[in-house]
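The two complexes that follow have chain A in common; it is paired with chain B in the first and with chain C in the second.
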Partner chain A sequence: MMTNPTGRLTQGQFSFLPDLTDTEIALQVAYGLRKGYAWSVEYTDDPHPRNTYWEMYGNPMFDLADPAGVLRELTGCRQAFPRHYIRLVAFDSTRGVESIAMSFIVQRPPREPGFQLSRQEVHNRTIRYTIGSYATQDPEGERYGEG
Partner chain B sequence: MTHPRYAIPGSVTPPPATPAASAAAEPAGPPARTVGEVLAQSQVEAVLAELDRDLVGLAPIKARVRDIAALLVIDKLRANFGLEAQSPSLHMCFTGNPGTGKTTVARRMAQILHRLGYVRTGHLVAVTREDLVGQYIGHTAPKTNEVLRKAMGGVLFIDEAYYLYRPENERDYGQEAIELLLQVMENQRDDLVVILAGYKDRMDTFFKSNPGMSSRIAHHLEFPDYSPGELLEIADRMVAGMHYLFGPGAREAFAEYLELRLAQPNFANARSVRNALDRMRLRQASRLFADPGRELSKDDLITLTPADIRASRLFARKPGA
Partner chain C sequence: MAGHVDSAIRPDATDITKDAKKRYAAGVLKYRQMGYWVPDYQPAETDVICVFRITPQEGVDPVEAAAAVAGESSTATWTVVWTDRLTACDSYRAKAYRVEPVPSTPGQYFAWVAYDLVLFEEGSIANMTASLIGNVFSFKPLKAARLEDIRIPVAYVKTFKGPPTGLIVERERLDKYGRPLLGATTKPKLGLSGRNYGRVVYEGLKGGLDFTKDDENINSQPFMHWRDRFLYVMDAVNKASAATGEVKGHYLNITAATMEDMYERAEFAKELGSVIVMVDLVIGWTAIQSMANWCRKNDMLMHMHRAGHGTYTRQKNHGVSFRVIAKWLRLAGCDHLHTGTAVGKLEGDPMTVQGYYNVCRDAYTRQDLPRGLFFDQDWADLKKVMPVASGGIHAGQMHQLLDLFGDDVVLQFGGGTIGHPSGIQAGAVANRVALEVMVKARNEGKNILQDGPMILKEAAKSCTPLQQALDTWGEVTFNYASTDTSDFTPSPTASA
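Let's turn to the complex of A and B:
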């Protein structure tokens, strides 16, 4: 049985929901701004769950009053990387917290091939499991049908 | 099994309506039908009244601000009847000498636009060329974009905007900033209102060489210099605002001081008044400081005396003073 028939990457917030519209994204960003978080835009074409650090598109955005600034940056990132994963990350800089408070995917590749589960047999019939994205079998920058 | 028994995210299921988004834009209560209702709903009248009350003089400016508010209120009423009109261009240019109240009025304008719903937050970001233009190639766009992001939802106030354009250097990076500004001024009118400020003559030259900028500015406001009487009234309010008093004869001394100062170069209207008052506070403090044994009453602490004012070097030049 396929447990994730669509192959959709599920990580961060809202990833089991249909893609957020820009209006919905703006509402989430506004919520984070009200909490005093700094937003940043990150992208990658390596969806492995252990790939924690995605590439940063510009610096984290401090001191914004309105989500329009974040959406403007997101638009720039979408134009530069139309087939990458893009996520918005909110950083809570409060002393003692200094950590990610929100994170959600705002763009996906047109087709997500999902992950391969491979089993490695080692001593005493022990099995080691590992996963790898089918997409990363192609070189960086050529994944997801870039030409 | 080819079909999961749960809905696949992002596939056949119709996207749910977004009630939160549309509800947020809806004003409370029934749509307004009279000017009074819009004014009451937006509470813009309070800002206009404050502008009238807090700022001395500036009659033509106050009238223009009221006109602009009227236009926006009528636009609201038209919209309530479903009369579509392109969202009005609100970019403005404030010209006048230093200290004539351009920055102060821009802050009030941001509040008015916010109350009428033309900008979302009503904050003002004040910048000059240095905040927008970089030192080397590739430095300008990120700087300008950062400022634009911070100003979005509110008003971007660019002081001495003509310095963005340096015709003597054809590779000046200012041009890049101007182009980024123009894009946002044209395409993101709902996100940002830009106010340019500076001297009238230089701004005129700037617009002549930047027709794109000129054509996107809808409102030009000219700030007049203050009369000596208005300057004295501004001084009264500043003194009261700082919790000081003009002692006997001090106000007259300050009026004389203003007369002398007006004849000097680099007179900067209300800003010069503020600076002069700051120096007088310093002299008052030194005067009290010089007498360590004396018990100081509240009156001593709040009173500016003629001596505090006449110690200015401007009086020293006057023979016989």
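Let's turn to the complex of A and C:
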């Protein structure tokens, strides 16, 4: 159990709010589509803050008009990875941006064990810090219990 | 452009600029007779263009005053010198080409002056400022002068490296998208020991902030040596990052007496794994460009606290507008820049402040007189600066802040985090919940400016810290008239 005030991983746009319902997720997706973003579904069982590349559940969905398409992919991802973290990521291809414009978590494992902070004491009083996910002490695919 | 000139301030008919013999005879001439007033001049794409607000002394003709500004900010001295004739002096003279009375402000005039690109050293803000705001600002025939805005040609923009990181890459490094970032300045500003200081940092970051911040005058004082601060702060940052699974940072202020000291502090921040360092504007243009180079080389974000700017940006009749400072800072290179809150405790008319934000974040800034922007400015793909809103803001203003500034901003609630009745973590939670609920509502299509207070009240039902924040500060506003407003439209300070 993580000890921050939310008790869970706080990455993404909405981790301090109650989990978004599918209806609320669709509203966010629709906002992104109106802005011309391409949505992507990503999942992982290694939520380390520096783990940039979560697995892609298919390519980003370019040329999509209806949020239902994204929700369908999300449903597929949830069925395939029921105990992983899943996030929706929106890409903005505008010149001068060409990066991610939105990102929020839409599924979490039932238990979020959090991270260990290791300190290596070096010269003077300098300390080198390393953060490791407790979950990744188990092999890939076996990190959050059954399934 | 003579049509812009009021008939009362039309230049006299004596034009000797074409007659070299008369023009270069020893003695004193009026500036406009020396070629610094060229009413039919068409600025080139490669010219630097400035608009000055000038207040001529009693009896000084505004056109002559404008010509004097052009002269004193380029080649002129007070008397004719024959050595001009050894040079292509026509191109070195700045040219005042338009003068207009400031709307409903007797005695003040806007003067447009164009400068050939040859006048400036590539990539040097120090050089540009030495001309444009050098001697001219002490020139006796003017009671006051203010550099209101500047158009920097693309050719000159491309000689600057700009922000070391830029707001797009900053977001990628921090893994934070689609919402403003949240920060807080450690308080009290002075007196905390390194150990006590780190406590504030840890509580704030663990509670939900993305960044905490050294204040501008925290350097290395008797109560806290800089190394002590860096060590304790980085322990706090890393602990908070492990507790939340998020990248966190603290702006370590490396401002010091010499460049050698600043480099030493920057190196130590890097060694400890900090993602960001901070400098104060008072270190000066050359030091800023040097530190930006260091940050570029070391993958470091550079936070700029605009300490001191109010001494020359705030009074409308004299100094340099902050929009010009912001343009220079984007060229010189910083990643964060304090640009005002509009609704907080510090000076800032909302539209004028939005103008500064545009300068930081636009790919191409459009002329927008109500926001104080006199020129189109092509930024030629120069990286963007993340504006920072800091000073007397609180969770109860979240809808206004998001509406005014959008997503690409750091909202810093110092007192509004640390002063929370249930503690610093609770203060951070209140701000983060208010932020996320407002972003969510805006994206859902709600009118947050109108319904914001209700949205906050609703969210507070399931978030005690937010309820307490609203109970404590909900009614706090700073409604004073702004001193620095655009003269093109009435724009009162926003209220809650």
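By our rule, the second predicted complex is superposed on the first by the 139 of 147 C-alpha atoms of A that agree within 3 Å, B and C clash if a C-alpha of one lies under 4 Å from a C-alpha of the other, contacts with A are read in each partner's own complex, and residues count from 1 in each chain.
Heads up, the rule we're going with is that a contact is a pair of C-beta atoms (placed from the backbone, for glycine too) under 8 Å apart; a residue touches a chain by one contact, two chains touch by 3 or more.
All figures in this text were calculated on a predicted structure; none of them were measured in a lab.
Taken together in the superposed arrangement on chain A, chain B and chain C fit without clashing. Once the two complexes are overlaid on the shared chain, A:Leu17 sits against chain B and chain C alike. By the touch criterion defined above, A:Asp66 lies against chain B but remains apart from chain C after alignment on the C-alpha atoms of chain A. Of the two partner chains placed by the overlay, chain B and chain C both lie in contact with A:Leu27.
In the overlay built on the shared chain, the residue A:Gly58 is in contact with chain B alone; chain C does not reach it. Set against each other, chain B and chain C differ in how many residues of chain A they touch, and the higher count belongs to C.
In the superposed model, A:Ala90 lies in contact with chain C only, and not with chain B.
By the touch criterion defined above, A:Thr126 reaches chain C but does not reach chain B.
Contacts of A:Pro5 after superposition on the shared chain: both chain B and chain C are touched. Annotation: superposed on chain A, chain B and chain C show a minimal Cα-Cα gap of 5 Å. Touching of chain A by both chain B and chain C, each in its own complex, is seen for residues 2, 5-6, 16-18, 24, 27. Residues 1-2, 4, 8-11, 13, 15-16, 18, 20-21, 24, 120-121, 123, 142, 145-146, 148-150, 152-154, 188, 191-192 of chain B are the ones that touch chain A when the two sit in their complex. Of all residues in chain A, only 1-2, 5-6, 8, 16-19, 21, 23-24, 27, 58, 61, 63-70, 72-73 touch chain B in the complex they form. Residues 168-169, 171-172, 175, 177-179, 206-208, 231, 234-235, 238-239, 241-247, 271-273, 363, 381, 384, 425-426, 428-429, 432-433, 436-437, 439-440, 443-445, 459, 462, 465 of chain C are the ones touching chain A in the complex. Across the complex, chain C is touched by residues 2-6, 9-11, 13-18, 20, 24, 27-28, 31, 47-50, 52, 89-90, 95-104, 114-117, 125-129, 131, 133 of chain A.
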